[in-house]
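Labels run A, B, C, D, E and F following the written order; every chain starts at residue 1.
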Amino acid sequence: MNDVLALAGQNLLSPVVLAFVLGLVAALARSDLSIPEAMAKGLSIYLLFAIGLKGGVEVAATGLNAQIGLGLVVGVVLSAALPLLAYVLLRLMSGLDPINAAAVAGHYGSISIVTFVAASSLLQSVGVSFEGWLVAVAAVMEAPAILTALWLASRAGNTGNGNGNGGMPWREISLNGSIVLLIGAFLIGWAVGPAGMAEVEGFFVSPFKGILCLFLLDMGLVAGRGLRNSAHHLRPGLVGFGIVMPVVGGLIGAVAGWLIGLSTGGVAILATLSASASYIAVPAAMRVALPRANPAIYLTLALGVTFPFNLAFGITLYLLMARWLTGG
Amino acid sequence: METHRAKRIEIMIETPALRRVRRALENAGVRGYSILPVEGGYGRTGSWSSEGEVSIASDMDMIWCIVAEERAEAVVDAVFSVVDRQIGVVTISDCEVVRRERF
Amino acid sequence: METHRAKRIEIMIETPALRRVRRALENAGVRGYSILPVEGGYGRTGSWSSEGEVSIASDMDMIWCIVAEERAEAVVDAVFSVVDRQIGVVTISDCEVVRRERF
Amino acid sequence: METHRAKRIEIMIETPALRRVRRALENAGVRGYSILPVEGGYGRTGSWSSEGEVSIASDMDMIWCIVAEERAEAVVDAVFSVVDRQIGVVTISDCEVVRRERF
Amino acid sequence: MNDVLALAGQNLLSPVVLAFVLGLVAALARSDLSIPEAMAKGLSIYLLFAIGLKGGVEVAATGLNAQIGLGLVVGVVLSAALPLLAYVLLRLMSGLDPINAAAVAGHYGSISIVTFVAASSLLQSVGVSFEGWLVAVAAVMEAPAILTALWLASRAGNTGNGNGNGGMPWREISLNGSIVLLIGAFLIGWAVGPAGMAEVEGFFVSPFKGILCLFLLDMGLVAGRGLRNSAHHLRPGLVGFGIVMPVVGGLIGAVAGWLIGLSTGGVAILATLSASASYIAVPAAMRVALPRANPAIYLTLALGVTFPFNLAFGITLYLLMARWLTGG
Amino acid sequence: MNDVLALAGQNLLSPVVLAFVLGLVAALARSDLSIPEAMAKGLSIYLLFAIGLKGGVEVAATGLNAQIGLGLVVGVVLSAALPLLAYVLLRLMSGLDPINAAAVAGHYGSISIVTFVAASSLLQSVGVSFEGWLVAVAAVMEAPAILTALWLASRAGNTGNGNGNGGMPWREISLNGSIVLLIGAFLIGWAVGPAGMAEVEGFFVSPFKGILCLFLLDMGLVAGRGLRNSAHHLRPGLVGFGIVMPVVGGLIGAVAGWLIGLSTGGVAILATLSASASYIAVPAAMRVALPRANPAIYLTLALGVTFPFNLAFGITLYLLMARWLTGG
């Protein structure tokens, strides 16, 4: 128990989490502190490239095995299936209409890369390693959830606008910039290996955690602004969903990871991916494919409720689940 | 300098849908258009701002398009048949241009 | 496509005063407006540019607001009662929109 | 609020030529203008986008300039005598402003 | 004397000062060299976060004492009082009208964070340390000067526009982004202490001085552009004020620091804060609250005259004052 | 031969080249991956400052000699003369009209700084050093080619628009931001020397290669977008020119460098400069001075054909030329 509290404390008092809190508080207090859009996008590109690269380099160092194929399949299945669970939970807990429920559900099947990064940062602090190829699993988990969400919406008789022009956002899904960057950097890391990494680690490794701080400051500002503008959309049932869903999703992900024999760190990471909710790829696809769904609901829930919950408590919890499952 | 009447079509559109509107404009035969960034706004769904945004999900863009008068209606129709009608704002107004053959 | 007359109000305003003008517009009951970045200009007080600026003190923004014709005058009055008259530029012009009930 | 007729001149111009157009406007005696960024477009020479561009070579800017009606023609002439006619788009339209003496 | 010249030379030949000179010369020569606005704002956010953090970490390491309370009070008093002196000097030396004089005076009570950073960089080069909590003093000195300036302007019968809508810029003052960021990062540094700092020093410490170079290149470009566009506003009396005021303000700050028992470095820093003129928070507040004051005057004076003077000569002088007062 | 293949392989598998490939592939596949304009400009400013500084510091360390004067003269002559060769080759190989041929020719006399950086990065990997002052040669090579191009265009009876308003872009040439920054940083490096460099190397040295990766990712995206939009302008003759010209130019540059007695690395660098085609300074000048030339042709050729060729094969080839000439 002491151990658990120490772990939770270590996470909560890390500069990364505190930077998020600073952004959140500043935005809620209506400070005019703001990060330029180009800088936020630049920080995000840096993080995606850095973690893709790191994952690839680790694969180059440790080699591949059959597990990776299994991992990718499990990732796709989790991403496609979790929205079904999310949809049912949403309809039970929040009474959200079918279209909005489908849109929200899609976010929870997909993943949030910054939650992945925060989890790997916590694992690193406590000296737990994980399989580098989980970065590729993260990438393949981005998109399948979108298809499930659109299927859920079409079941409810609402595909896009009346005259059908919303249509399937195939292009938006398949060539989404963040997926391409993550996979691309992963392949580069794999190709260049540790020797290539040594050349660029002055940029992609040493300053990583500090840059992550600024990125989380920005996430806090955006999340706080969203909460301020859209808190009235967050009825208690929805907020409850935003906390229950990641815990349930995390547990399912943890069990899946344990079943395919991941390490303790790997189980924690797969749990985190399952528990996290997308805030880049999915909202943009929903805006095109389900224009009648309200962005204020899905964005605020993913970024204003679930992301802070995961950052502050979730990833600690998923690591505990992983330890308990693997005995690690 | 001799000037000629033309129409200015201004479209405020969600960035995720921009690619589709562009294709519609090009297919409708416009000779050109320009895209201006928009950094925030207010509407029925509340306020938004592009500050600090990593995702383009809540961003908007302004399309500024000058067309010959006789082509304006067809262009507006084309845009509307593609854009979901609940998204964005489309306005048409009069203007004068110098070289009519370019629009 | 049937179109309806509306008014386009464009306001060029100092960024530090933007928040106040936005509040005035919202209180005057506009249904929406959008904000476009401005990157430089020239006026009675000389030239300015946002390039390399850390402070927003000399920056400006453009507010682009479509309102129903009957509401335009009240909106302009509201903006002017709040904005210092020596700041910014306010213009009103005619345009056509498609769905009148949204403005 | 009493309003007065004025002209809105909007010029879409290549960024490398911006400095020259600005000088022409200032020499033609405009009282002010503002510059808005443009982030992409489409025309006879194809599509362009400012995304990721290090060079300003393919970038464009929008000049937004409100002038008194009686001065508009001279201003447009001045702009055209300087800008190569194959570059950019110049439009003139009507608008109303509040304090006529400022334009 | 040799020592003084060596110190001045060391400062003038630092990459940081030379980068400013490069920007200034490029802008005065009408080069089209320019730094994107988003990059400039990003560099500024980095610097504020980094120095706030550093100050907080030092407080965590050395502990607090009563002096910090005293320091904060002195900071507020200096910020509120210096504009009165500035106003009198301005009226005597430059004949500026009351409204513009009040606006300019407000800038000189407040502080310039980059001047603070340049001073701390010089101190570090010569191996002089200072009290980490002076970062918090810098933050509290940002705003009080604005109130004094508005009071001075209202005495002259000019509060904002005729119909009173200028009003007090309370929100603009109290939740100014740069103050929030500085204080927030200070608190984070205090909370995480040296151990937390170790995690992020690859970003907030090692590249700091190089990033400062790019920031000063940008400041030089902006200052040069301002001088080119507005030099005709700078009558000799005004330029004289822009140099006399920091020297007098610096001396007052140095004496105040010495009276409350600061170290040599601390005295130099408080002198620098008192001598520096705001170019972020105050101009924005003045634009709203005193729209009739001419921004070309106050911005050009603060950024085009006083900042370069402080960078090139002032901070060396304030260090000498501090040594002389403390015998350090 | 094995040695040659190893060198080529080492270059092709560097993270820097692979990052370019990633950008190119992403853009060709119509991914929506994109780098904000402000970030791209910021990365470019960083690279220019860093390499200028590095060159200057090396000159401060090794001292000057008469060779530098000779090098600058040779640079100006190469830049002014290569467009004549390019123009003849273009007219022979591609049948491009005189105006467009003149505009394209101008690009090939001038230089691409990122090609210079990629070459110096390869040299560093294989442990070959070069004369630091070649940075200054790079700077003086930017502009003369523009004048030759305009002279070629005027010979063809086309100076700007009919009424002569295109005119000479003197200002655009002489105070071009990238030249000013490169020369300025070089002078700063020279002034501060190795001691000054030590203060800022946590920013300008350690992360350099990683930042270069992100910059090349961006270059790949822009080149790919250009190819996608304008591939129809690239008739085979033009593509052939885009590969033959750098090889011929590189050989001429290599011989020139060998004649003035440069080291092996120096010869390779001068060859690279001669072989590279401008994509910043020249296109902007052409847009003003030769508005009738089609930007889609000159930009796509320089960035979409010659730059990738140089990056992937050219710089390896120029190093081999240099070794062969100098016996190094």
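Assume a residue touches a chain if its C-beta (ideal position, glycine included) is under 8 Å from a C-beta of that chain, and two chains touch if they have at least 3 such contacts.
Note that the structure is predicted; figures quoted are calculated from it, not measured.
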{"item": "Chains touching both subunit A and subunit E, listed by label", "value": "F"}
{"item": "Distance between chain centroids, defined by C-alpha means - subunit D, subunit E (Å)", "value": "38"}
{"item": "Distance from subunit F to subunit E - Cα centre to Cα centre, in angstrom", "value": "40"}
{"item": "Rounded Å distance, subunit C centre to subunit E centre (Cα mean)", "value": "34"}
{"item": "Whole-Å separation of chain centres (CA-atom averages), subunit C against subunit D", "value": "18"}
{"item": "Overlap residues in subunit E, where contacts from two or more other chains coincide", "value": "34-39, 41-42, 171-172, 206-207"}
{"item": "Of all residues in subunit C, the ones touching two or more other chains", "value": "36-37, 39, 85, 93-94"}
{"item": "Chain-to-chain touches, reported pairwise for every pair that qualifies", "value": "A-B, A-E, A-F, B-C, B-D, C-D, C-E, D-F, E-F"}
{"item": "Subunit A-facing residues of subunit B, complex", "value": "14-17, 19-20, 39, 45-58, 81-87"}
{"item": "Subunit E to subunit A touching residues, read off their complex", "value": "36-39, 41-42, 45-46, 49, 53, 171-172, 175-178, 180-181, 184-185, 187-188, 191-192, 196-197, 199-204, 206-207"}
{"item": "Residues on subunit C engaged by subunit D in the complex (per definition of touch)", "value": "10, 12, 36-44, 60, 62, 73, 76-77, 80, 85, 89-94"}
{"item": "Footprint of subunit D on subunit B - complex, ascending", "value": "1, 3, 6, 8, 22, 25-26, 30-37, 61, 64, 66, 93-99, 102"}
{"item": "In the complex, subunit F residues that touch subunit A", "value": "13-15, 18-19, 22, 25-26, 29-39, 42, 125, 205-211, 213-214, 217"}
